[in-house]
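Each chain gets a letter, A, B and C, in the order it is written, and its residues are counted from 1.
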Amino acid sequence: MTTAPEYVKRPGPVRKANRAMDDRFGTQAGLRRNLNKVFPDHWSFMIGEIALYSFVILLVTGIYLTLFFDPSNTEVIYNGSYVPLKGVEMSRAYASTLDISFDTRAGLVFRQIHHWAALVFVGSIIVHLARVFFTGAYRKPREVNWLIGVGLLILAITEGFAGYSLPDDLLSGTGLRIAASIAQSIPIIGTWASFLVFNGEFPGANFLPRLYVIHILLVPGILLALIGAHLGILWHQKHTDFPGPGKTEHNVVGHRVFPVFAVKSGGFFMMTFAMLALLGGLAQINPIWMFGPYDPSKVSSASQPDWYIGFLDGSTRLMPPWEFRGLGHTVPAVFWPTAVLPGILFTLLALWPFLEARFTGDTKSYNLLQRPREAPTRTALGAMAISFYLVLWISGGNDVIAKTFSISLNAMTWAGRIGLIIVPPIAYVVTKKLCLNLQEKDHEVAHHGIETGIIRQLPTGEFVEDHRPKAEPTPDHPLVPTDRYALPSANGHGDDGHGKGLARRAGKAVSGFFVEEKEGGPGGGRH
Amino acid sequence: MTESSGTSPDTPPEPTSTAVTEPVAAADASAAPEPAAAAASTAVAAGDRSPTRRLARRRSARGQGQSARRRRRSSALVLMFGLLATGVLWTVLAPGGNAAQTADANEAVRQGRALYLQGCSSCHGLGGGGSTTGPSLVGVGAAAVDFQVSTGRMPLAAPAAQADRKPPIYSRTQIDQLSAYVSSLGGGPEVPKVTDEALNDADLSHGGELYRANCAQCHQAVAQGAPLTYGKFAPSLNESTPTQIIEAMRTGPESMPVFGDRQINEEDAIAVAAYVRHLNETRSPGGFSLGKYGPVPEGLLGLLVGVGGLLAVCLWIGARQKV
Amino acid sequence: MSDQTGPGTAGPAGPGEGDQPADPAQRRMDYLGYQGEPADKADQDSMSSIFKRSKHPVDTGGHPARGSNVSAGGPDIPAGTHDGPEVLGTPPHQTDSSREPEHTVMRPAVGGGHGGGVTPRPPRAEDVDHRAERRAERLIAFWFLISVVGTIGFIITNFVGDKHKEYYTPCLGSALGLAVGGLGIGMILWAKRLMPHEQAVQERHEFTSSREDIAVTEAEITAGFADTGLARHPLLRRTLLGAGTVLGGLVVVPLLNLTNSKPGKKLDHTSWVKGARLVTEDGRLVKLGDVSIGGIETVFPAIPVTAADGSVTYKPKTDIQTKADSTTLLIRLPPGVDRPRKGREDWSVDGHVAYSKICSHAGCPVSLYEQQTHHLLCPCHQSVFNVPDGCRAIFGPASRSLPQLAIAADADGYLYARNGDYDEPVGAAFWERS
């Protein structure tokens, strides 16, 4: 760390602004702390950012669409520029979506960017969830962030469903019909639930304005709040990191927010936006003019929901027709795969950190991640869950697969039913074995070194292979303290028992700064 | 009656081969010019010692001057009489078609029957009445035959859950002949007359509404096709001509229901065909259409290219070595 | 444990020799954080269970992590035992088997660093070579300029382009992609090539507050709570709790206000009434013979309206609300195919049968009719119904047959609903359905 810098007596405009804010809000310490915050730079830590940036793009393009969309069930006769629908009766919602697509400048491209962003949003949330799961980042003290994340996933899926149902086209309207039937299938309260949500018997009176409010106000509001909390917790607790040279449970090594991390993140936001813009312009999505307006007496084959609901479509298709009837009541078959199954899955998902802590008896806090192979049971369970999900997801598109590959539709259904039972256990066993074998291999290398291929004969006659020890990992960039400049009166602190490496020394030099800042607090000050 | 050669059915059979016995019997071999010319050439080629040569020598020795001319005139007359007799007898005695049909139509039916016997009768029976391997064609109509054969579905290449569209093996003329023959067996829907102007004048949005009400559930909203049960499927309509579409509606091939003209009249049928033509020809305004198959390919692209591509960007950003 | 000396041999030392064990092999193991071999190689348990290993966690320094209980089970810290080299083969003749005790046949690591320093790598070109630095700058500038091109392209296409042409949206999307992508690539290259490549180290702090902190805070809260007097006034406490709970339940009321339309018996009825004629979406009343054998048609009710003078007109009901439950499929089966259920022999006429089009599984229109097998397939979840057998569900998730509408033909040949409504609720099942 270099010596303390001078106070600049003749400030330029930027410094003036800085001091103006500081006079009013006392910003310097906070600014420094946050600009110097260190973020580790493994590539897999950026997956959550894909979700964050997709969300921002959803907000921006969504606002543009709200300026043109009319969420009304009122029937009108279409008279826009799309000839094959001229004179057809349809709702205002559908007509305004056609207007956005054909008669608004940049309407179609923003509509498509919006829809592609929704697909990428949920996809990146799930990939991020998988990364967090398989590296054990959800362990204490980050369980609350995990819960928030699962909540974000559920809300994102709901938001997507609401969004693509707004145009009131044949494809999404069919999905709404199925949703009403699912609500209706809930025992005891089902018919009430369906009537309350849809305002009467399906299709209900004026359902679209309600869906609109849910989609543009309620759920985005909750999403914003939860994302804020998710990031705030992450900021406060600092990001986890993989073990490596110079890294311990008590430090974080990486780039400071300003300037490197900020520029990389900003660039990544631009790249996300670019990918979505290219998709939105070059790949057509949800061409509602081809489906026609929603009509409960019509349907198209190959009707699927968007991909993130596909696993529920699959579970519905695979479920055998087991309906319980008796004593004047019915529990319909569709209740189990569409209401009970996702309830169980998401509950297990949410409770997972606590379940794992209970079963392992491990209540320690962790800031370092594990490689998946280091936790074979967790990784195997995760692989099992993923395979279960994949069988369901593929079954959701089983008619498309049947048509494309000329497979019998009935055979696809049976394959899904049987696959759902036998594939997950196989995935568990295979993954577990794989993890254990990888551990053994790592152990071999650590213990015996890397095989060189050079065979020698010992004087006693045996042939042995020479091994070379694996080179120790060391950091390939110099490790520097977080703060470039020290405050003049930083206190020294004795060794806190964490060793004498360069990382430790650098870290300790910094800790004095923090302690000094919180002098007044009880207990010596904590960050 | 007489058998025609099956090798080149497209060319009209030569008169000489069908009228094989009569004119030769009727006319004097020596007087008929053609056989005589043939005989003369063979005589020249064969050499002096052949019997024909001797005959020719005797003839030439005998026939100089007036008697030769007289003989030539009479042989021409005999030939013409023979040909006329053949033609009359043929017309009277040949197997009939519809008496109201013109001679061309009769010809088509005849040719169609020949084609049918060769290529279809093994499954559909010698008289079109069906067999254990193929249904009866009595009453299916020209439209059904035109549809099945022009889409290549018939003749069936191999037994399967369903016949696939494949390149047709019969030419347009042959298909017309087959249709004429089968139609002659018992009537049925005629081949629809679909003109380009009718298609261009059709009400596209009405056709769209009819399509979505009657066709989209099997053939998919954008006519890309979909599976039915147990390996059957409703095919994509990308390659279907408007005529074929209307024929399919009228005849209900395989699993497809029948949409008769009291249910969908001719004008509406043309509107539906025009709408399908529009679906096949229209360009996608939003970019590449991903097979027009809906959320499944969209989801795959979004995950593989969208999320996958961005993961690749993550790898690039996080890479340690200089890039 | 061998104490062989010689070129290239080294035996791992035991743990606890200090923070930086001098031995490279040991340091290597410490860094990788491995638990070492199980005491018994055959004892897979200790390696196999994360539960056991986690009970005895080890930090990356290779030492038992704070709070771990060495005696809690799980593998021991490595004592440095190992198998030694795997013998690949022995020639047939062995003189005396003074086989050497296990030793590690190791060659020295190449460039192995000692003491936790930085791996010496060749410096980044941009850091030492000014030309390389300026080349990188130009490359980044190039990408920023591409971005400008993209922005201008977007603006031009947006205003000048014809939005009804097929190039419009792709051009807009590509231009926007270039605009932001150019910036993005430039920024990332800038961070990777021109910004310093050092790694900053920041201390983490335990979150758990000190015991004094906790004691003081808890005492404050307890004192504050005592000040409320809730502990001393049970009536106050209980009525407060009661009022609060009940008020919380009030949240349900606005939700229950969401509809004026109570379920009641609504799901049991459709718009079909006795005498309603079958009408198509276009308004054509369906007569016998309209639908060919092997054909299907979607029909709706045309409600009979008696005028003042006694004449009856039929008003088609094809609004969306009616369509949602009254849509009916009229199928004309070939003669002799239909096998009506008991009591339903007169529900069909001349091969014409009518069934609800609303799937009994989840409400999609069941409409894929296979003319030859007489099966009806629903496209949503692939339920299959057998039409001649009263549309019984024979495959897929549907468990109920489709409800049948009894039809007959009147004197003029028009088809009409002879018994009125369906005899059971149509569509997906629900709790109150018996």
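By definition in this document, contacts are C-beta pairs under 8 Å (C-beta built on N, C-alpha and C of every residue); 3 or more make two chains touch, one makes a residue touch a chain.
Computed from a predicted structure; not experimentally measured.
Asks: Going by CA means, which chain is nearest the middle of everything shown?
Replies: The most central chain here turns out to be C.
Asks: Could you compare the number of C-beta pairs in contact for B-C with that for A-C and name the larger?
Replies: Per the contact counts, A-C leads.
Asks: At what distance in angstrom does the C-alpha mean of chain B lie from that of chain A?
Replies: 59
Asks: Could you please state the distance in Å, as a whole number, between where the Cα atoms of chain B are centred and where those of chain C are centred?
Replies: Measuring from centre to centre gives 52 Å for this pair.
Asks: What whole-Å value do you get for the distance between chain A and chain C if each is reduced to the mean of its CA atoms?
Replies: Computed value for the inter-centroid distance: 10 Å.
Asks: If you look at chain C, which of its residues touch at least two other chains?
Replies: 168-170, 173, 188, 191, 281, 298, 365, 367-368, 379, 382, 395
Asks: Which chain A residues touch at least two other chains?
Replies: In chain A, 102, 108, 112, 264, 267-268, 271, 275, 279, 281-282, 295, 297-303, 399, 409-410, 476 touch at least two other chains.
Asks: Among the residues of chain B, pick out those that touch two or more other chains and give their numbers.
Replies: In chain B, residues 209, 213, 217-218, 226, 228-229, 234, 284-287, 317, 319 touch at least two other chains, as defined above.
Asks: Of all residues in chain B, which touch chain C in the complex?
Replies: Residue positions touching the partner: 209, 213-214, 217-218, 226, 228-229, 232, 234, 252, 254-260, 262-263, 283-287, 316-317, 319, 322-323.
Asks: Name, in rising order, each residue of chain C that touches chain B in their complex.
Replies: Touch residues, chain C against chain B: 124-125, 166, 168-170, 173, 188, 191-193, 281, 289-298, 365, 367-373, 375, 377, 379, 382, 384, 395.
Asks: Using the touch rule from the top, collect the residues of chain A that touch chain B in their complex.
Replies: The touching residues are 41-47, 50, 83-88, 101-102, 108, 112, 116, 119-120, 123-124, 127, 170-171, 264, 267-268, 271-272, 275-276, 279, 281-287, 290-292, 295, 297-308, 310, 397, 399-400, 402-403, 406-410, 476.
Asks: Applying the document's contact rule, which stretches of chain B touch chain A when the two form their complex?
Replies: Per the touch definition, chain B meets chain A at residues 161, 204-209, 212-213, 216-222, 224-231, 233-234, 275, 278-279, 284-290, 292-303, 305-307, 309-311, 313-315, 317-320.
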